[in-house]
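Here it is: the structure, laid out below.
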Amino acid sequence: MQEIKREDLIAKAAQLLADGTVDRVIGWKKGEFDYDVTPAVFTTKEELENEFVWNDFCGANFSKYIKKEAEKSESKVMAFLKPCDTYSFNQLLTEYKFDREKVYVVGVPCNGMLDDSKIKESASGISSVTEENGKVVVDTLYDGKITLERADVLAERCANCKSKKHAAYDELLGTEGEVLDSKRFDEVEKLEKMTPDERFAFWQNELSRCIRCNACRNICPACTCEKCVFDNPASGVENKAISDSFEEKMFHIIRAFHVVGRCTDCGECSRVCPQNIPLHLLNRKFIKDINGFYGEYQAGAEVGSRAPIVDYTKEDLEPSEAVERGEENA
Amino acid sequence: MQRIGVFVCHCGTNIAATVDVKAVAEALKSEPGVVFSTDYQYMCSQAGQDIIKNAIAEHKLTGIVVCSCSPRMHENTFRKTAAAAGLNSYMVEIANIREQCSWVHKDMPTGTEKAIILGKAAVAKVSLNAPLTPGESPVTKRALVIGGGIAGIQTALDIADAGFPVDIVETKPTIGGKMAQLDKTFPTLDCAACILTPKMVEVAQNENIRIFSYSEVTDIKGFVGNFDVTIKRRARYVKEDLCTGCGACTEKCPQKKVPNEFNLGMDNRRAIYIPFAQAVPKVATIDPNYCTMLKTGKCGVCSKVCTAGAIDYQAKDEFVEEKYGAIVAATGFNPISMDKFDEFAYSQSPDVVTSLEFERLMNAAGPTAGTLLRPSDHEHPHTIVFVQCVGSRCSSCAEKGKEYCSKICCMYTAKHAMLTRDKYPDTDVYVFYIDVRTPGKAFDEFYRRAVEDYGVHYIKGMVGKVVPEGKKLKVQASDLLANKQLHIDADLVVLAAAIEPDKSARPLATMLTASMDTNDFFTEAHPKLRPVESPTAGVFLSGTCQGPKDIPETVSQAGAAASKVIGLLSKDKLTGNPCVAHSDENMCNGCSTCANVCPYGAITYQDKEFRMPDRTTKMRRIAVVNEAVCQGCGCCTVACMSGAMDLKGFMNKQIMAEVDAICK
Amino acid sequence: MQVNEFKPLIVAFCCNWCSYAGADLAGNNRLNYPAEVKIVRVPCSCRVNPMFILRAFQKGADGVILCGCHPGDCHYTSGNYYTRRRMALLFSMLDYLGIEKERTRVEWVSAAEGAKFAATMNDFVEKVISLGENKRLEDLRCKK
Amino acid sequence: MRKISLDKLDQLFAEISSKSALYIPVDTAAGAKFEKYDGTKKMSDALNTVRSAKDFFFPQTENLVDFKVEGKTIEIKETVKEDEDFVVFGVRACDVKSFEILDRVFLADPVDNFYKNRRDHGIIVSMACTRPAETCFCQTFGIDATAPAGDIECHKTTDAVYLEAKTDKGAKLLKSLNALTEDADASAVEAQKAQTKEVFKKLPLAGLDASAFGDGKTNEFFNAPEWKTLSESCLGCGTCTFVCPTCQCYDIKDFNTGHEVKRFRCWDSCMYSDFTRMAHGNPRLTQVERFRQRFMHKLVYYPTNNEGIFGCVGCGRCMAKCPINMNIVKVMKKLGGNK
């Protein structure tokens, strides 16, 4: 259950449309079921009332849409942003991806979003997903009502939420949250503690499932290149589909490397992966290393901050020490 | 498709002894693009070069590979050979089969096999080479010196003497800097004013030098040879061209309670003032923070007494835009604030002073007219304690002071101690030190004189605490050599405060895209080999903005910087290195990552309109490399995610082709 | 004496100003190191894109080593500092993926360190030989 | 009709796999997936695999020809070789139907030898659905998930699997398994079918109607203003096309291994910006056109070229996997005007 009600969001959007602050609103549109919410642009109060939703499935990050909309016209667009979305927002601003003046951000507190694939593990033929007394109630065609603990079907990134605090907004609905002390690096640590052979087996199994659909890249707020090196025949590393086990490793290593210091750990890559590859564990490894090697750094916490990968000190540790430090964790 | 010629050198037996050169030439014949391949005893000889030239003409070669010694040896030779034959000199690649093959591998089969692979890599690379032409840019023959201390003065004088116009920008109303505040200078003890002020006059009279005093640089654009600089001339409310420096106004001004910064606040000046008698320009300045007329509109005394009619209460800040070919940073230093060193009671007692304040107390033009008197009661001090390294060499207390050695304190403290004992033999002088560092001509002799001839008590150890008690300052200290605690009742305590770069240096470095170290000293292009140049082309470093220095060092560095500037300005055109970065504007996404890692500030951004596939247009921010500034390291190419940024001569494709050829 | 049949393929990226000159000096002093080491000249170690390293492994390299000026001595003042951070993160990631960490290395070799260059290459090749063929970052299509 | 009790299913798999490769859907941490039977794997009860069964006939990448380069001579090495027989067990009705759609593309003149080779040697053992998901809409395209056909049609009840040969190929395989199976009447199967059909009527997408689309409707929909709003959320990734059992587009590329050039084909996606790029540029300028292409192809162009048969089988994979939940059902409802 979310702190702010759908009606409040619609009222806010309608007010901003009415007073001319903005002429478009980026929000979530209801789908065929309770869980298949789609990002959409609304321009009238009627559209909002008919199709806008705000529920436990509004996980999608709007970065790609904000960039697109901000480029479209001179007038302002409004976007509802959850705390994690605001980090991506700031990171895009840091990279001059759009004009801040063209976006009006309404911060929305978030109690965590649910993962429909986790719900589908325990329920088939879903007719509805509702919430009763803090529990998730799934109505199904075959097994009637199934009650699930919210914690069990919470998206991984939400279970390990790094911050309930909005890093940017023009206006905040509800209460200001705090940066959380999350356990998001626990999984990375677990992998670090494995033997190299185990780690290799783990990743070989995970990455071999990749079908190179590019969902991870296309949803990624940090992936905003005009043309990706993997799409560019001139880059020399272009490949369209996996045709050997090397290529998916190449793709995912380079992709993770390209977002080093820019990845805000929004978790969209893992959310959208049709093959459920835990891609966030690659990004988090880099984030954890950066924190350990060069001091805590959260991409998108501040606009204009300099990422550690484009910075240095004379006393930085050597690559050999970096690898050894990884071992000490084990 | 390129038409590539391969030329394998025997280098006498240097290569041929362990590499079957004929086999190498033969093997490379079948590489794609190779239309000619041969070997010769000495490719670098005139005869060898002729073989290359003839082959270029005969086989219409578009690229050549020379399998020979290291490119560090003869790359230029063969580039010239190619150019002489009408081939672009960057269509040449060298396969290093001597230093990196024949000389390090002992047997023929191994050497030959590796030489073939290195040759293949060079062929693969040259297949992708494109002709390159170095860019040229004009040079504006005028230099800017930022800072008018002894460093800036010397640099400006030297540049001007070579015949180039030079401007000095100084934030204070007068040039002269810190040296103007000093009393005597070590190790010769001549008076600072006596050696500095003639130079200041020289500056004022030099036709090639303009002084922008009471001014600051607010914007710098452009690059080596072509800087566009905006200088803010702060309103001084006195017309510089009319003021004669007679001083009538400064005598009549009713506002007498303005702390005199020249004497470090130890006495007062008027609201309209000339910092000191030998100021250059000798022009009065109204301090708008204290002037009654400017604050309330009532007074106007100075205007009435000024017979030259130079007073202008309506003056406004003015902005001057100038073009320069070279910029010298000479922003100097300041003693650090003593706020964080309250154990020495600096804030509690006026009788705890810094060394610079002590200079003023000793100076004939200072607040006490050169008589050493305690600031509190104007009595003569009988026991003086000098504390060394206050804030210097603070490796364990970096948050308080500086980790580096300020370099000048040992010497000026010896000077202070010696002068005190010389003038007032009845005073007891103690110097507490960690180490006494006196490298420099006649420095150690100077220090020993202080100890041996003047009887200064040098005590190895640090002062722990200074407590004001009545008229005395109770100094608690340890004598590390005698291993005992000392308690001294002092009349005056002098702190040798660490020095730090002037606060204006950091914003200036940003404008110049010049790099700085963690202490905000400017970084030199190479710590040993290019000590007066900034990594940013066209920017030079003079004096303490680069690191702590005494006067002789500053002057010699100032001269060195000037000679570098003269070298630059005497060129009509600058020829660049053609192996520079280039951004493909169609792929660039304007993220600025590349500019973050560029050591030279060669990358700027501009908004450009692009036609989109759907025939609409879109403004996009794109990176532009200034080829005159780029040095071709390639750091940006790796920072660039999209691969828009590439390095000519070492393109991604070329390097990958080499890797592919090696791994074949 | 046991004869090791495995001949590894080593790609060494050397910066033009220090390490490439260091390699030349090794040659001048006739200091042997294995012929399996093939040097690619780059202007600065910071020119080396992680993609080049992966590309080398894809095409059959068994080890990749980067050599640059000592920190503080970079011809371009700061290039190798960036190299250090990039490679620290990249190598840590490769290790995290279970790829043998001995297959990649960064070494600072000055123009005066011909002996260090040769010793480094001898040591690196030995380590790679003990690991055997690169299996974990191979592209089967590129195998003969 | 033959039947085999569930506890003997392993023996059936063992028997089939002793003669030819056998693939069955198995559960993995990342959902169900067809894997080669190795004597230990258990068949998944999942409704469908994450990736469709089209991989068996039209794999994601496939080598077409090699060029051996020696000096300046090039030798061409054919890579096509006769496949061995293989059996895919447990294919749902939607995927079975997808093969028919692919056949019309790849087996039409000019015949795709690589595809045909695999089709000739692959035996499809289908599996009737009993618990369709809310995302299922195969019935919209006239597919009866309770009668999935294939070479052999299977029905799994609580205690047994019923098998019925639908083609000669299937009959031959089923006959070879006679020692393990027994004759059975269809009553249990019919009862289950009836029950399942009731469920299908209750599915949320049961009323979805494709009749607005089909043969000859190009002009009606091509310029519809709705494409713009519908495509607005599309990220241009290829997830829908890569999990789709009927998407058939591919690209042909060369890979230089250093000692030879491998010419291979790999799946491509009409969602990608460089798809259909030609020398003059790309005729589909924005995501709107690319998005429209995919759905027009499934709902209009394919039927227009193939006697009204739709290019979608209603498996629901794109609904489940689209990162932003845009899908063919939303498109049909918006454009077809039905709810």
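As written, the chains take the letters A, B, C and D, and residue 1 is the first residue of each chain.
The rule is simple: a contact is a pair of C-beta atoms (placed from the backbone, for glycine too) under 8 Å apart; a residue touches a chain by one contact, two chains touch by 3 or more.
The structure displayed is predicted, hence computed values, not measured ones.
Peer 1: Would you identify the chain whose Cα-based centre sits farthest away from the centre of chain B?
Peer 2: Of all the other chains, the one whose centre lies farthest from chain B is D.
Peer 1: Taking contacts as defined above, which has more of them, B-C or C-D?
Peer 2: If we tally the C-beta pairs in contact for B-C and C-D, the bigger total goes to B-C.
Peer 1: What whole-Å value do you get for the distance between chain B and chain C if each is reduced to the mean of its CA atoms?
Peer 2: 35
Peer 1: Between chain C and chain D, what distance separates the C-alpha centroids? Give it in angstrom.
Peer 2: The answer is 47 Å.
Peer 1: Please compute the C-alpha centroid of chain B, do the same for chain D, then give the distance between them in whole Å.
Peer 2: The separation of the two C-alpha centroids amounts to 68 Å.
Peer 1: Would you kindly tell me how far, in whole Å, the mean C-alpha position of chain B lies from that of chain A?
Peer 2: Chain centres of chain A and chain B, defined by C-alpha means, are spaced 44 Å apart.
Peer 1: Residue numbers in chain A touching 2 or more other chains?
Peer 2: Chain A, residues with two or more chain partners: 229, 236, 243, 309-311, 313-314.
Peer 1: Could you list which residues of chain C touch at least two other chains?
Peer 2: Those would be 50-51, 55, 59-60, 72, 78, 82, 86, 139, 141-142.
Peer 1: Out of chain B, which residues touch more than one other chain, so two or more?
Peer 2: Touching at least two other chains: 597, 639, 652, 656, 660, 663-664.
Peer 1: Among line, ring, star, complete and other, which best matches the way these chains touch?
Peer 2: Contact map by chain: complete.
Peer 1: So in the complex, which bits of chain B are touching chain A?
Peer 2: 518, 586-593, 596-597, 605, 618, 620-621, 639, 641-644, 652-653, 656
Peer 1: Using the touch definition from the top, list the residues of chain D that touch chain B in their complex.
Peer 2: 71-72, 256, 258-259, 281-282, 285-286
Peer 1: Name, in rising order, each residue of chain C that touches chain B in their complex.
Peer 2: Where chain C meets chain B, its residues are 9, 11, 16, 20-21, 23-28, 30-33, 35, 38-44, 46-52, 55-56, 59-61, 72, 75-79, 82, 86, 118, 142.
Peer 1: Using the touch rule from the top, collect the residues of chain C that touch chain D in their complex.
Peer 2: Within the complex, chain C touches chain D at residues 59-60, 139, 141-142, 144.
Peer 1: Mind pulling up the chain D residues that touch chain A in the complex?
Peer 2: Residues 29-31, 47, 50-51, 60-61, 131-135, 199, 202-205, 229, 232-233, 235-239, 241-243, 251, 253, 255, 264, 266-269, 272-274, 319-321, 323-327, 329-330.
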